[in-house]
Structure formats: C-alpha cells, structure tokens
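In the part that follows, the structures are each spelled out as structure tokens.
There are two complexes below, and they share chain A, which is joined by chain B in the first and by chain C in the second.
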Partner chain A sequence: MSGAVGREAVFPTRQSLGLMKNKLKGAEIGHSLLKRKSEALTKRFRDITRRIDEAKQKMGRVMQIAAFSLAEVSYAVGGDIGYQIQESAKQARFRVRTKQENISGVLLPTFESYTQEGVNDFGLTGLGKGGQQIQRCRETYARAVETLVELASLQTAFLILDEVIKVVNRRVNAIEHVIIPRTENTIKCLYRLLRVSLAQANHSEDINSELDELDREEFYRLKKVSGKKKRDVAAADAEILAARQKAEEEQAANPNAPAATATATAPAILAEEETTDVLGEQEDNDVIF
Partner chain B sequence: MEGLFFNVNGGYVEGIVRGYRNSLLSSQNYSNLTQCETIDDVKLQLAPSYGDFLASLSPNPSTSDLASRMTDKLVAEFKYLIAQATGSSAKFLEYMTYGYMIDNIALLITGTLHERDTRELLERCHPLGWFETLPVLCVATNIEELYNSVLIETPLAAYFKGSLSHQDLDELNIEIVRNTLYKNYLEDFYNFINTHPDFSGTPTQDVMAEILQFEADRRSINITLNSFGTELSKLERRKLYPEFGKLYPEGSLMLSRAEDVEGVALAVSAVADYKAFFDAVGLSQGGGGLGGMGGGPADGKSLEDLFYQKEMDLSKLVFTRQFTPAVVYAWMKLKEQEIRNVTWISECIAQNQKERIGNFISVF
Partner chain C sequence: MAASAATYKERQFLAVIGDEDSVTGLLLAGIGHVTEPPASQRNFLVVDSKTETSEIERAFQNFTQERKDIAVLLINQHIAERIRHSVDAFADPFPAVLEIPSKDHPYDPEKDSVLKRVRRLFGE
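Right after this comes the complex of A and B.
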C-alpha cells in the first residue's frame, strides 16, 4: 500500500509532523461527514427510484385511458377536431410551478402542477355533437399530464442526485483510499527519518522527548546566532560612534557635543525560522482524479 | 303516380346506390372484424368492400390512415353519384354536401381569425364539402374582407345573410357560428324537400322530413346538454335550435329554459322516442347526471350512441322506399357510421381495449 500511495514531500521536522497529524485528524472527520451525506442521498435516491417505477406504471395506464378517450371523441364527433382545439386554446389551464427542495445540501427542483380555474377556452367545441366526450377527454388528458409532470420532477431529481452521489462517493473514496493512507504514510516516514537522525546523535529510544530536545537545541542555536549577531552590530555601531566623535573633536574644540545617543538600537533579532512551505502543494484538489 | 317518370332521370343513381348499399358491412363482417388481432387483419377483412383503396396502405397502418382511406372511397362513390344526377336529384345531392361545407368554412374562418396561412388548411377540409370557390376563401386576410367579398360567393351565402354579420364572425365563438349556419342549413333543407314541386307529396318528402326532424331535434338536445357549464347564455342557445322538428315549438322552448339534465329530460318527454332514450340511459331519473353520459349506465350505451342507433334505423328504413334520391342520403349516413365503426374497432384493437370493442352500431 505504502508504495502505491507514496508520501508527501515534507522536511523531516517535528513541526511538519504536527501538521501531518492535524491533517490526518481533519481527513477522518471529513470522511465520516461525507459518508453520512452519501448515505442520506443514497436513501433518497432509492426512494426516488421506487417512485419513478410507480409513476411510470401509472403513466402507462393513464395514457392508455387517455388515448382511448380520444378514440371515443373521434367516434362521437366523427371527424378531426384537433385543429379547432389548437386554435381556440389561448390560455393555459394546466400550469406548472417549480419549487426547490433541499436534501443534505443538494437543491432539487420539483414541479408542481395546478389547474387555473375558469380557463375554459374550448368549452363550446363539439356543441353540436360530442361535447361531453370532448370535455371528458380533456379531463382524462389533464390527469395524464399531471402524471407526466410528477414523473418529470422525479426524473430531474433522479439525474441530479445521481450526479451528486457520484461526486460525494468519489470524495469519500479519495479521502479513504488516498489522503488518509498517504498522510499516515508520511507520518510514519517522518517518525522513521527523525528516529534515524536522532539515533546518530544519541541512542535514545524515547523519540518524542528526543525530538523535543532536538527542537530545544535548535531553538537555542538560533537564539545563540541572533545573540551573536546582536553583539556584532553593537560593536560596529560603537566603532562608528567613536569615529564620529573623534571627527567632531578634531573639528571643534567642543567636546561636550551630545553624541547621537546610543542609537545602536538593537536590530531586531528576527531571523524568523522560516516554516517549511511543503504544504503548499497539498491544496485540496484531490477530489477528482 | 309519382314514380312513373322517376326512373327517366333518377333511376340510374338509385340503382347504383342500392348496389353500394349491398357492399355495406353486415353484422357477420363486424363479428369477423372484432376477432382481429392486428390492424392488418382488419385490413384483410375489409378487402372485399374496400379493395383497392386500402391496397396502398403501409403494413399496420394507423387508424386515422385507415379511416381516411375509407372516407376516400365514400367520397369517390359520392362524386360519381353527383356527376350522374340531374335536375332536382342533383340539387338534393348538393344539399347533402352543404353540411360539410359549413365545417370547412368554419375551419377556414378559424384560420383567418388567427391569421394562419389558410392554404395549409385546404388539405384539412372535408373533400365532400369542397366547392369551387373554396380556395378563394384563402385570399381574404381579414374577417371583414372574408365576409364582404368572399363568403357572398359561396353556396352558403344565404345562411349567413340575416343571421350573422361580419362583427359576429369576429366576436362570436366559432362553434356558435357553425351551429347557426347549421341551423339555417337544416331549415333550408327541410323547406326544400317540403316545397320543391318534384319532392312534395313523394316518398322523398316523407322519409326526409322524418330524418331531418330527427336531426334537428338531436342537435337541439345536444346543444342544450353540451352548453351546461359553459358561458353560452339561454338566449343565445335558443337561437341555435332549428325551428322545426318534433320538439318544435313547445319542446324547444322548454329546452331553452332547461338548466340541467332533468330539465332536458322533461322537455323531451312529450316525444316518446326521446323519452325512451333518456329513460334508457337513466338521465330522467336524476341519478345519472352528465357523468353518466357515454360511460357507465346500463348496457354501456350513451345518449349519443342511442341517437346514432336511431339515425341508422331511420336510414335503413329509407331503403324500403323507391323512386327517391333519399336513398343516397341514407346510404351516406350508413357509410359514415360504418367508417366510425371500423375506426372504433381498429382503435380498440390497436390499444388493446377489447372489452369495449362491441360498442359500435351494426345495422344490417
């Protein structure tokens, strides 16, 4: 496993070890959250699949009845009334409005059908004969379209959920099989490397305390360096000051001139330990590979 | 006496029609049709009567294709008849086509009102309602022009005159226009067969008067039933009733006042036939209501079905008469019913709804 996953390129310091540990913890929390989301979505997905199945069967029946009622109309009227109805329909009686439903952060559009009462554009069609059949046929078709709308909203939800579930599962798998092993691997590697370098120094077994000591040594070393730098700067300042005083004395016999007081302000130590920027390349672009 | 010279002019046409009548499907044919599994089987069963007209259909045709081919045959036969007819018989046959013309004109008016390209609509027109000046209707781009310069030229001009202005065409629902025209047409036809010297006192007058009266009553009843729940006012409704028939005038008046199905049942109760229909479908009891139409009641017959049945019976009786062009009218109605029947049967087969396949009207 470790061979396949590899490890991240970090310098073997204790600090990066700490970072890695944090990262591992974060990855585990994220993993469990995403897993739960995926489960919630999958549950919903199954529910929708079942309802699609029902709706499709219902649609089959309803469409059959509707088509048959159209046959009844053509029998009763004895001709084609399609054109006349198309022309006389001006306003939609059957309308659809959309809403959004939120399922664990995924927005699903749902369609809802309603009939606009009072719109009856072809109420007089078939006045001479077949009027009842036409009205009944219209009602049957309204029911058929209702089923279609229901099916459409389910199908849309189905497609969107399918996509989202895929993405979430990909993330879950990426975290489970790549990020976590790689981070673990890195941590192991760091331990091993650090242990090796320590073993060379003194053969201690207690790694953490050794690491701490190593850190303290490093800190002390840095402090020492900065102390030395400070001293050097102070010496240089004093030299410049002395030279200036000497020049002034030579110019004027006025020895009491107030020297630019020890402006030798201690230059800031701050050779800030540069933190290793190894994490830069880990910006989370992992989810899709 | 009236038959003495009929055959000089009308004998050939009558003979042809009686021949046509024999090719109408019998109940034996229908029972064969209902056994069919596919539309192809239906096509095969229809081959003896429809032959070449169905030959060019693709395998497993749609029911509408089938129906349109059958209509083609009807049209071809009728055109032959009208070409052979002379004198008053020819006039009579022309009257028969006016009903289809009204439908065609209503179609074109609808197209003009919505500013569609009316040329496309010509294909949708019923071929029997075709007249020479029909394509001219497409020239008109607005309704006023249509009314003033084009409709005047059509055979239907007389039906527009006096009852519809061009504003009416614009404002009224096209269905009201259509039914007004139809009312005028029925009245005119009725007047024609009663007053024309060639027809008055002949069997033609007897049978046609009965058929047209029935047609008028049926329209009145249907209009009344279908207008419930729409914005059609009672006054407008009354204007659409043809002013003759068994229901006229008392029944018509009561119909115009009817507010529900019971009211209609009450209005028609004076005529035994119609009362029987309403009783059969259970509308006069108050239990049926509009929802009972066509679907539920008793033997699965709706009021429309009963009306069609009655129409077919009347048409069948016409063939017992001789020396009359009314047989053409009867044959046409029978043929149309046959096309509807076959369409219904093939629709049931295509949609696998065999349980209601018997819901057609077989005459012979």
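Right after this comes the complex of A and C.
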C-alpha cells in the first residue's frame, strides 16, 4: 500500500514534519465531515427518488382525468376547439417561479406555480355553448399542471443531487485512499530520515544545520560568478582603450595619407565601443541578483 | 453542481410538445405564451402524424438550449420516443424535461429517461 501511493516531495526537516502532521489531522477532519455530508445527501436522494416514483404514478391518473374532461368539452362544444385555443393563447396565466432550498450546502431549486392575475386569453371560448364544461376542464388541467410542476422540481432536485453526491463521494474516496495514506507515509519517511541524520552527525542537533550549510555554499557560488563577470567586463574595456590609443598613434605618425582611413575607422571603433557598452550593461543586469 | 441564480431566475414559463389534445388542455390551464411581436415565438408545438421528426428535434433544441425563460418542458411520451436520443442526452437540470402520458398512449414508466436512471441506481 505505502509503496503504491508514494510520498510527497518535501525536505526532511522538523518544520515539514510538523506541517505534514497538521495536514494529516486536517485530512481526517475533512474526511469525516464529507462523509457525513454524503450520508445526509444520500438520505435526501432516496427520499426524492421514492417521491418521484409516486408522483409519476399520480401524474398518470391525473392526466387521464384531465383528458376525460377535455373529451367532455369537445362533446359539449360539438366540435374541435383546439385551433381556436392555440390561436388565442397570448400571455401565460400559469407561471412558475423558482426558489432555492439548502440541503447541507447544496442549493436545490424548487418550482412553485402561481397564476398571473388579470390574464385571460380564453374569455370568449365556449361563449356559445359548453362554457361550464370548459371552465371545469380548465380547473382540472390547472390541477394536473400543478402536479406536473411538483414532479418537475423533484426531477431537477434528483438530477442535481445525483451529480453532487458523485462529486462528494469522489472526494471522500480521494481523501481516504490517497491523501491520508500518502501523508502517513511521508511522516513515516521523515521520522526515519531525521533519525538517520541525527545518528550520522552527532554534533548537529538536526538536519537544519546541514541545509544552512547548503545555502551558504550556494551564496558563495553566486558571488564567485558575479566576480568573474566583472573581471571579464574590465578586460574588454581595457582592450578597447588600447585599440583606440593605437589608432591615435598611427594617425600622429603619418597625418596625411591615412586620414581618410582614420576617419573611417574612428566611427567603426566608436560603434564597437557602443556595442560593447551595451553588452557590459547586460552583463551588469545579470550580475545583480 | 448547483446552478447559479442567474440561470434560472428568469425561467417562469412552461413549454409543451404534444399532440393536439394534450396541448389544448394545457393551454386551457393557461400555460400558453407568445413572445413580443418582432420575433414572435410560441412555447408550444402541436405534433401530429404528419409532423417531421426534424421539426420536433428543432423545437426540443429551441426549448432546451436557446430559450432561457422556460423552466419546465412537457413532452408527450410517444413523441419523446421519436427523439429518444436527444431526450436521453439532455442531462442539464434546467429546464426540467418531463414526459407526460397522452390520451391515446398510456404512461409507460419503463421508457422514461429519468425513471430509467432511478431504476439503474437501485439496481432493479
């Protein structure tokens, strides 16, 4: 087991041992909390699935009754009113609003039906005959739709809970089977390493002094590098100076003939100087850590 | 995860895809809504034997994906059967897709995509 999960990459110090111990404690607390959350959600989930099953059966009955009352309407009206109804539908009278319910930190939306007052698209439907049947049919269907809305909120809760429970269970398993064993393994390893280091270096109290020494070595190395770079820059500067002096001497020796070449070489040297200066700056940037 | 408030605050209508009797009855209950004239959209679709499956498909996509004001989509089970793959593939919590029985087709719990999941979860 311990071989399979590995251990975390930490320096063997007393400080990281303390950190690991805290982490283990935190993981255990988190595990028990998540486990409880998962149980609460699962309980709710089973309740909801049972109610969905019931509501679906109820829906079958209610819709049957509603269909029957619609058949009554077409008998009373003596014709098809479907087209008329479809054309006169303009504003929804029957609407739903959504509310939230909090189940152990999971927000479950629930639909709640309400009727928009003052909207009546079917005022003239059934004016000639069958008005009473139509009125009854509307009430029956309104009740049926209420059942449907109830079922819809159960179903939405079902879908959301299903997903949340999966996520929570995945986390519980990850903590139980990966994080806790790995942290325990790391702690074990740290103990062993610290004991070894104590045995090896009797003069040092713990492994910290060893690490400090490593730090000092690193600092010394960086200092050495920056010193070398400075020396290189100084050498380059000296070379350029020497070249310029040499050019001036040559010019002084025979001022007539190579005047053109001198004027030609001087800017070249200047340009070279500039470029080296630029290089020097870059090196300085590097040197400053 | 739980959907954010903005995704369902303005969802207040029901939509229906069904045969003529189901749609008529539900419209009588007052769920019918037509949006403002420039892009007038109905929230119901009447399906008969002549309706193309592609049209049902398009209405289903419109009600589930494009329109943001629909909270519940009611669909007759025998029509859901025609676009079963879309209904089964749709797993978002909003809008809630609800399969309802129709006059000629009694309700069969075995075909319902949600009840199928319930059954599977309990290993029946």
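Note that in this section the second predicted complex is superposed on the first by the 187 of 289 C-alpha atoms of A that agree within 3 Å, B and C clash if a C-alpha of one lies under 4 Å from a C-alpha of the other, contacts with A are read in each partner's own complex, and residues count from 1 in each chain.
To be clear about the criterion, contacts are C-beta pairs under 8 Å (C-beta built on N, C-alpha and C of every residue); 3 or more make two chains touch, one makes a residue touch a chain.
Only a predicted model underlies this, so the values are computations on that prediction, with no experimental measurement involved.
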Q.
After the alignment on chain A, I want to confirm one thing: do chain B and chain C clash, or do they fit together?
A. fit
Q: Using the superposition described at the top, determine whether chain B or chain C touches more residues of chain A.
A: C
Q) Does the superposition put A:101 against chain B (first), chain C (second), both, or neither? A) neither
Q. So, does A:239 touch the first partner chain B, the second partner chain C, both, or neither?
A. neither
Q. Counting only touches as set out at the top, which of chain B and chain C does A:215 meet: first, second, both, neither?
A. neither
Q: Identify the partner contact of A:72: answer first if only chain B is touched, second if only chain C is, both if each is, neither if none is.
A: first
(Q) Just to be sure I read the superposition right, which of the two partners does A:47 touch: chain B = first, chain C = second, or both, or neither? (A) neither
Q. Between chain B (first) and chain C (second), which, if any, makes contact with A:64: first, second, both or neither?
A. both
Q: Could you say whether A:109 touches chain B, chain C, both of them, or neither, answering first, second, both or neither?
A: second
Q. So, does A:249 touch the first partner chain B, the second partner chain C, both, or neither?
A. neither
Q: Examine A:132 and indicate which partner it touches, taking first as chain B and second as chain C; both and neither are also allowed.
A: first
Q. So after superposition, what is the minimum Cα distance from chain B to chain C, given in Å?
A. 5
(Q) Using the superposition on chain A as set up above, list the residues of chain A that contact both chain B and chain C. (A) 64, 67, 71
Q) Where on chain A does chain B make contact in their complex? A) 64, 67-68, 71-72, 74-76, 78-80, 83-84, 87-88, 120, 123-133, 136
(Q) Quick check: in the complex, which residue numbers of chain A touch chain C? (A) 49, 52-53, 56, 59-60, 63-64, 66-67, 70-71, 81-82, 85-86, 89-98, 100, 106-109, 111, 115, 119, 121-122, 134, 137-138, 141-142, 144-145, 148-149, 151-153, 155-156, 158-160, 162-164, 167
Q: Going by the contact rule at the top, pick out the chain B residues touching chain A in the complex.
A: 63-64, 103, 106-107, 110-111, 113-114, 116, 121, 124, 126, 173-176, 178-179, 182, 218-219, 222-223, 225-227, 229-232, 240, 290, 293-295, 302, 304, 336, 340, 343-344, 347-348, 351-353
Q.
Residue numbers of chain C touching chain A in their complex, please.
A. 1-3, 5, 8-9, 11-14, 20-34, 42-44, 46, 71-72, 74, 91-94, 96, 98, 100-103, 106-107, 109, 112, 114-115, 117-118, 121-122
